[in-house]
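Please go over the structures that come below.
The following pair of complexes shares a single chain, subunit A, combined with subunit B in the former and subunit C in the latter.
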Partner chain A sequence: MPSACGSGPLSDAATIDTAAVAAPAARASLRKRDQRALTAYGLVAPAFTLMLLMLLGPLASVIALSFTDYQLGAPAFSWIGLANYQDMFADRVFWISLRNTLTYVVIVVPGAVTLGLAIALLIESGASLRGLYRTIYFLPVMATLIAMAVVWEFMLHPQFGLVNGLLRGAGLPAFSWLQDRSTALYALCAIGIWQAVGFNMVLFLAGLVSIPKQLYEAAEIDGAASAWARFRLVTWPMLAPVTTFVIVISGIRSFQVFDTVHILTKGGPSKSSEVLIHTMYTEGFEFFRSGYGAALTVVFLVFVLLLTLIKARLADRGVQTA
Partner chain B sequence: MNTLRTMLWPAVRHILLIAGALVLLAPFIWMISTASKPPEEVFSSELHLIPHHFALWDNLKIAFAKANLWRFLLNGVIVTVSIFVLQVLISLPAAYALAKLRFLGRDTLFALVLFGILIPPQATAIPVFLLLHKLGLLDSYAALVLPFTISVFGIFLMRQFFKSVPDDLVDAARMDGISEFGIVWRVMLPAAIPAVTAFGIFSVVAHWNDYFWPLIVLNSEQLRTPPLAVAHFRNNEAGTNYGPLMAAAMVIIAPLLIAFLLAQRRFIEGITLTGIK
Partner chain C sequence: MATIELSAIRKSFDGTEILRGVDLRIENGEFISLVGPSGCGKSTLLRVIAGLEPQSAGEVSIDGIAADGIRPSARNLAMVFQSYALYPHLSAFDNIAVPLRMRRLSAIERLPLVGALLPSRRRKERGIRDDVAKVAEQLEIAHLLGRKPAQLSGGQRQRIAVGRAIVRQPVAFLFDEPLSNLDAKLRVHMRAELAQLHRRLNATFVYVTHDQAEAMTMSSRIAVMIDGELVQVGTPTDIYDNPRDIRVAEFVGSPKINVLPGRIREGGRIEALGVALRLTSSAAPGACRIGVRPERIELGSGPFAGHVVHAENMGSEAFLHLGVNGSDVRLVARIDDPRRLPPIATPVSFGFAMDAVRAFNAEGKRIEVEIEHAERVRERAIV
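Entry: the complex of A and B
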C-alpha cells in the first residue's frame, strides 16, 4: 500500500496521456475509465493508510488492550478478560472521577448554553456594536486555555487574587477556591463556562439570523406584542434544533475536560476534582498501566459516542449550524 | 409604557452587554495588569488595576530570560504549520477521489471517514503512544505531528466542498490533458481556497492550543510547544513570580489573538467548524 501511494498518481497520469494519443477513441475512453479508478486508489491510499494506522487501528487496539494487563516496558502481557473492568468498578477513585465528570457536565452545559443564548439574544436585539460585542465574547474561545488557566489561578489566589479581593471589598467571605475540596470542582466549572460561552453564542447567532423575519411580523399581528411573547412563540421553537445541537456539543466537550484540571488541581485536593480523562492520563501515562488506562478510555468512549450518536441523528434531520 | 421601553431598550442592552463583557474580559485585564506590576504591587492585598510603577517591560525581560520563549513560539509555528500542510497534502487528493471519481469501495471508505469523525482524540492516545514508542519516535517533532497528519474531518469537509464544484470544470481540465493528480492541485485547490482557509484556521488554532498530546509525548525542553512552556513556567515559578508568569502567558496567547482581531470573520467561521465536527 504505502509504495503505491508514492508512485501511483504520477505513473497513472503518464499512461493516460499516451493512451489518449495512441488508441482509437472508444477503447481509449474505456481504458481511461479503468485508469481513473486506479488513479482513485492512488489518491486515497495515503489518507486511508494513515487512517488505519492512526485512527481505526488504535481504536480497535484500545478496546483490545482493555482486556489485557499490558504495561509499557513489561516484557510480556496476557489476556485477563474483564479483570481491568472489575478492578475499575471496585475502585473508589473511578466512581469519584465519574461522578465529578458528570457533575462538571451537568453544571457547565446548562451554564454555557443559557449564557450563550442570552448573549446572542441581547446582541441580536439591537443594531449597534454587534460586531464588537461578538468579538469580545469570542476572545476566551481563541485564547490558549492553558495560559488562561494560569491567569485564572492567580485571579483565584486566596490572598492576592482579584476574586477574593472583590469579595472582601463587598464584605463577603473569601475562599481558597482551588485548594479547598468543597470548591475546587466548581471553580473549574466556572472556568469551563467562561471558555465555552462565546462558542455557543456564535452558534446561536447563526441560528437566530436564519429565522425568517416574517414570522415575527405574523406573530405581532396575531397579538404577540411583548418581547417575551415573540421569544416564546417564534424564537424558542425555531431555535430548538440549534439549541439541541449546542447542548450535545457542549456535553461532548465538557466530557473531555482535562487541561484546567491537570494544570490547576491535578484532580485534588483529595480527588475532589478528579475527572475521567485525568484519571486515564494518570493511569496510562504516569503509571504506564496501559491496559487499565484503556479500560478507562472505553468507559469515556461509551459516554462520548452516546452523545455523538444523538448529534449525528440531529445532523441527519438536516440541522445546520454556522 | 411600550414606547418608553423601546426608547430605553438600547441603553439597557448596552449596559447588560458591557457588564457581561467586563466579566468575560476580567482575566485578560487582570493578566495585563499583573504583567505590568512590580512584585511588591503584585503581592499586595489592596486591589488596583493601574500599576503605580509600570513594570511590563521588566517582567517581559525576566520571562524571556527564564524561559526560551522565542524557541517555544517557533516550535508552535513549526508544529502547527507542518500539521496543516500535511493534512492538506493527504486529505485533498482523498477528498477529490471521494467526491468526483467512481471506484469500487468508495462508499465504504466514505463511511469510514464519517465513523472516524466520531472518535474523540483522547480515545486513541494510549495505542498511538505505544506505536510511537515502538517506532522510537517519542519526544520528537514527528511525535507531535505524525498522529494529526490524517484529518478525517478535513477529508469530509473538502469532499463536501468538492461535490459543489461543477463536473464541467473537471471535464474541461481532462480535455486539456491535465492528469487526475494535477486536477486536485490546479483545479480543485484554487476553487476550494475559502474552505481550505477555514479548515486551516480550525487546524492551527486547535494544535497551537493543544496541551494533552504534547504533554504525553514530550520530554525535552527544546521541543516544548507554547502551552507546555506556560505550564512549565508556572510549575517552576508558582507563587513567586506572578508578574513574569502573566507576561509569559500574554506572549503565548498573543499570536492567535492578534491574528483573530485582524480576521475575525474568517476565524469565527473556522472555529465554529468544530460545531459540525
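Entry: the complex of A and C
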C-alpha cells in the first residue's frame, strides 16, 4: 500500500530536503526512533510477562523436571539426564496407555465431529424448537463431567444399569461394560463422544449461521436440486475452517481424557483403559515420581503440539483459498 | 427463451402485504425492468419468478406451463444476485462451470476422487471446459478464470456472475440489482455491456433496479412498482412522457419532475400557483397537481416570478433551483449552457409550454387536459 510508506520513521528525515540540516535532523529522528521502540517494548511488556509466567515458565520447568529424579515433597533432586525417558520407553504400561489414548482419539474425534455436524445441520434445518434442541445437546458440555460420570456408572452397571436393561429387553446379551477388558475403553469412548458432541454442535451451528443464504439460493438456481448437492457445493467447503478447528479441538481434548477414566475405571481392568494423562497422574501424584510424570507430560505435549502445527498449516491453506 | 406470465401474484410476510396482485406478461426476448423505490416489492417479485420465494396467491407460468410447485433448479432460469453470490472457495472457472456440472454430471460423476476416474466424467468435463472458455471469451474474462472471487474486483466478479448465468443457455435471465455494488463510472459502462449482451443473446431479461437511469437506458419496457403494485408498464419513452400516476412521474427522471399546486376551476380551466393556464379539463373541479419536467421550464419570460436559490453546474448542463415568489414551492429548471448560469438571488421570470403540462388529480391519477387555441400550441403561456 502506498500510504504506508508515508507514516514510517524514515519519512521524518525525508521531509527535510536541504543537505545542511540533514545531519542533525537524522540524529533527531534516530532519537525519536529509539524512543518509539522503547514505548513499543513498554506496551508489550505486561502481556509478555504474563505469558512468561503463565505459559512459557511452567512449560520450561516441566521439561526441565523431566530430566531430574525429583519426587513430590523431596528436599533435593539431582540431574539424571534421559533416564526418565529410558524408563518410560522400557515400561509396558506407557506403551499400553499411549495405544489406548490413540485408540480413544481415533474413535472419539470422528464420532464427535460427524455427530456434531449432523445434529447442527438437523437443528439448523428444523423450523421449530431450535433453542430447546440446542440446550439439550449442550447440556453435557455444561454439566460437571465427574457428576455425569457417576450417572454413567449407574447406566452401565452390569446388573441394574439402564443400558443392560434395554439390551436384555431387546433380547440381546448384556455386558459388564466397565469391568470387562474388551469393552471398558469403548464404553469410555462412547461417553467421550456424548460429552463432546454438544460443544462441536455449537461451533458448527455458529459456522452454519455465517454462511450467506444467497449462496444456497445461487446453488439452487445453478441446479443443485438435492440437499446433498447443496451440502457438497456450499455447506462443506464454507464450513472447512470451522471443521478444521473442531477436529483439532476435539483431538486435543480427547488426548486430555482423564476424569471419566479416573472415576469409572481407574485405568482398569488390568490397564485396558489406561490413558496417558491417567498414567501421568498415577506416577506423579500417587507414586510421587514427579520427574517421571513430567517426562510423560512432555510426550503428551509433543502430540498436542503436532496437532496444533497441523491446524496452523491447514489454517494457512484456508486463508489462501478464501 | 421464454415468455413469463404473472397473474394476480400476492405475497405477504407475517401479515404485511408485499405484493398486492401483480399481473404482468413478459414477452419472449424482451428486456423488462422492474423499477421502484426500495421496499416496493420488486425484488420479492423477481424471487417469486425464480421460485426462491413461494407466492401467497396467484400464478407464475413460464412458456405457458404453470411453474408453481416447480423447484427453482428445475425452472431453468438464471439469476445474477446483487452480491453476485459467487462460491468463494471455487475459482472463477469452477464458478462458471457449476451450473454445467450440476446439469450434465450425474451424482456419481460429481463425487470427488471416484467421479474423476470415470471416463464419462472426463468426456463431459472436456465439453464443460470448452463451453466455459467460450463464455469467458465473450465476456473477456479468460485471463481471470484461475482466480478466486476474493482476488477479483467488483466489476470482474460481476462479469463472472454474468458468465455463470449465461453459460447454460437458460430460458430467461433474472437480474437483482446487479450493478448497485459498483462505482458510478463502472455502472455506466456495465449498463452498455448488459444491453449489448441482451441484443446478442436475444433472450428474455428481467431486470430489477431502484435506479431509474438503468431502467431508462437498457430496457425495452419498464414496469414501475410502487407499494407492491404495478403502477405503469410501458416503453421508457412512454413512462417518461406519459406517466399515468404522479408517483411514476416523480420516480422517473432526474432531477425529479416539478410539481406545482394547481386547481381546476368551475368550468374546467386549470390554474397553477394561482395563474390560469390555457388548459381545460373535463375532470371534476377541485385541487390538482401540475407536473412539468425541468427541461421544459423556460426562463426569461412567462407568467411566474421567482429567484435563484441554488445552482448545480454539471459541466455539460446545469440545474437551477428556483424559489417561487409568494409561495414555498421550489422548482428545478435545466439550462443547456452552464456559462449562462445566473448568480444566486437573481430574480427570474419563467413559464412553460402548455404541452409540457402533465396534470394529476388529488389522488395522483393523471387527468387529461385540452389546450385552448389549438393553432397556438407551441406558444408560451402568457396569461
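The criterion applied here is as follows: the second predicted complex is superposed on the first by the 248 of 322 C-alpha atoms of A that agree within 3 Å, B and C clash if a C-alpha of one lies under 4 Å from a C-alpha of the other, contacts with A are read in each partner's own complex, and residues count from 1 in each chain.
Going forward, a contact is a pair of C-beta atoms (placed from the backbone, for glycine too) under 8 Å apart; a residue touches a chain by one contact, two chains touch by 3 or more.
Note that this is a predicted model, so its numbers are computed, not measured.
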Open item on the list: Per the contact definition in the header, classify A:224: touching subunit B only (first), subunit C only (second), both, or neither.
Closed with: second
TODO: Determine, for the superposed model, which of the two partners subunit B and subunit C contacts more residues of subunit A.
DONE: B
Open item on the list: Quick check on the superposed pair: does A:72 touch subunit B, subunit C, both, or neither? Answer first, second, both or neither.
Closed with: first
TODO: Have a look at where A:263 lands relative to subunit B and subunit C in the superposition and call it first, second, both or neither.
DONE: first
- [ ] Examine A:214 and indicate which partner it touches, taking first as subunit B and second as subunit C; both and neither are also allowed.
- [x] second
- [ ] Examine A:98 and indicate which partner it touches, taking first as subunit B and second as subunit C; both and neither are also allowed.
- [x] neither
TODO: Kindly classify A:160 by the partners it touches after superposition: subunit B alone (first), subunit C alone (second), both, or neither?
DONE: first
- [ ] Check the residue A:240 against both partner chains and state whether it touches subunit B (first), subunit C (second), both, or neither.
- [x] second
- [ ] Residue by residue on subunit A, keep only those touching subunit B in one complex and subunit C in the other, then list them.
- [x] 225, 321-322
Task: subunit A - residues contacting subunit B, complex - done: 9-10, 12-14, 16-17, 20, 36-37, 39-44, 46-48, 50-51, 53-59, 61-62, 65, 72, 119, 122-123, 125-126, 128-129, 131, 133-148, 150-155, 159-160, 162, 165-166, 168-169, 194, 197-199, 202-203, 206, 225, 245, 249, 252, 256, 258-259, 262-263, 277, 280-281, 284-285, 290, 293-294, 297, 300-301, 304-305, 308-309, 312, 315, 321-322
Task: Residue ranges of subunit A in contact with subunit C within the complex - done: 212, 214-215, 217-226, 228-229, 232-234, 237-238, 240, 321-322
Open item on the list: Please output the residues of subunit C touching subunit A within their complex, sorted ascending.
Closed with: 50, 52, 71-74, 77-79, 81, 83, 85-90, 98-99, 102-103, 107, 110, 148, 150, 164, 168
Open item on the list: Residue numbers of subunit B touching subunit A in their complex, please.
Closed with: 2, 9-10, 13-14, 16-17, 20-21, 24-28, 30-31, 34, 42-45, 47, 90-91, 93-94, 96-98, 101-104, 106, 109, 112-113, 115-116, 118-120, 122-131, 133, 146-147, 149-150, 152, 155, 177, 179-182, 184, 205, 208-209, 211-212, 215-216, 226-227, 230-231, 234, 242, 245-246, 249, 252-253, 256-257, 260-261, 264, 267-269, 271-276
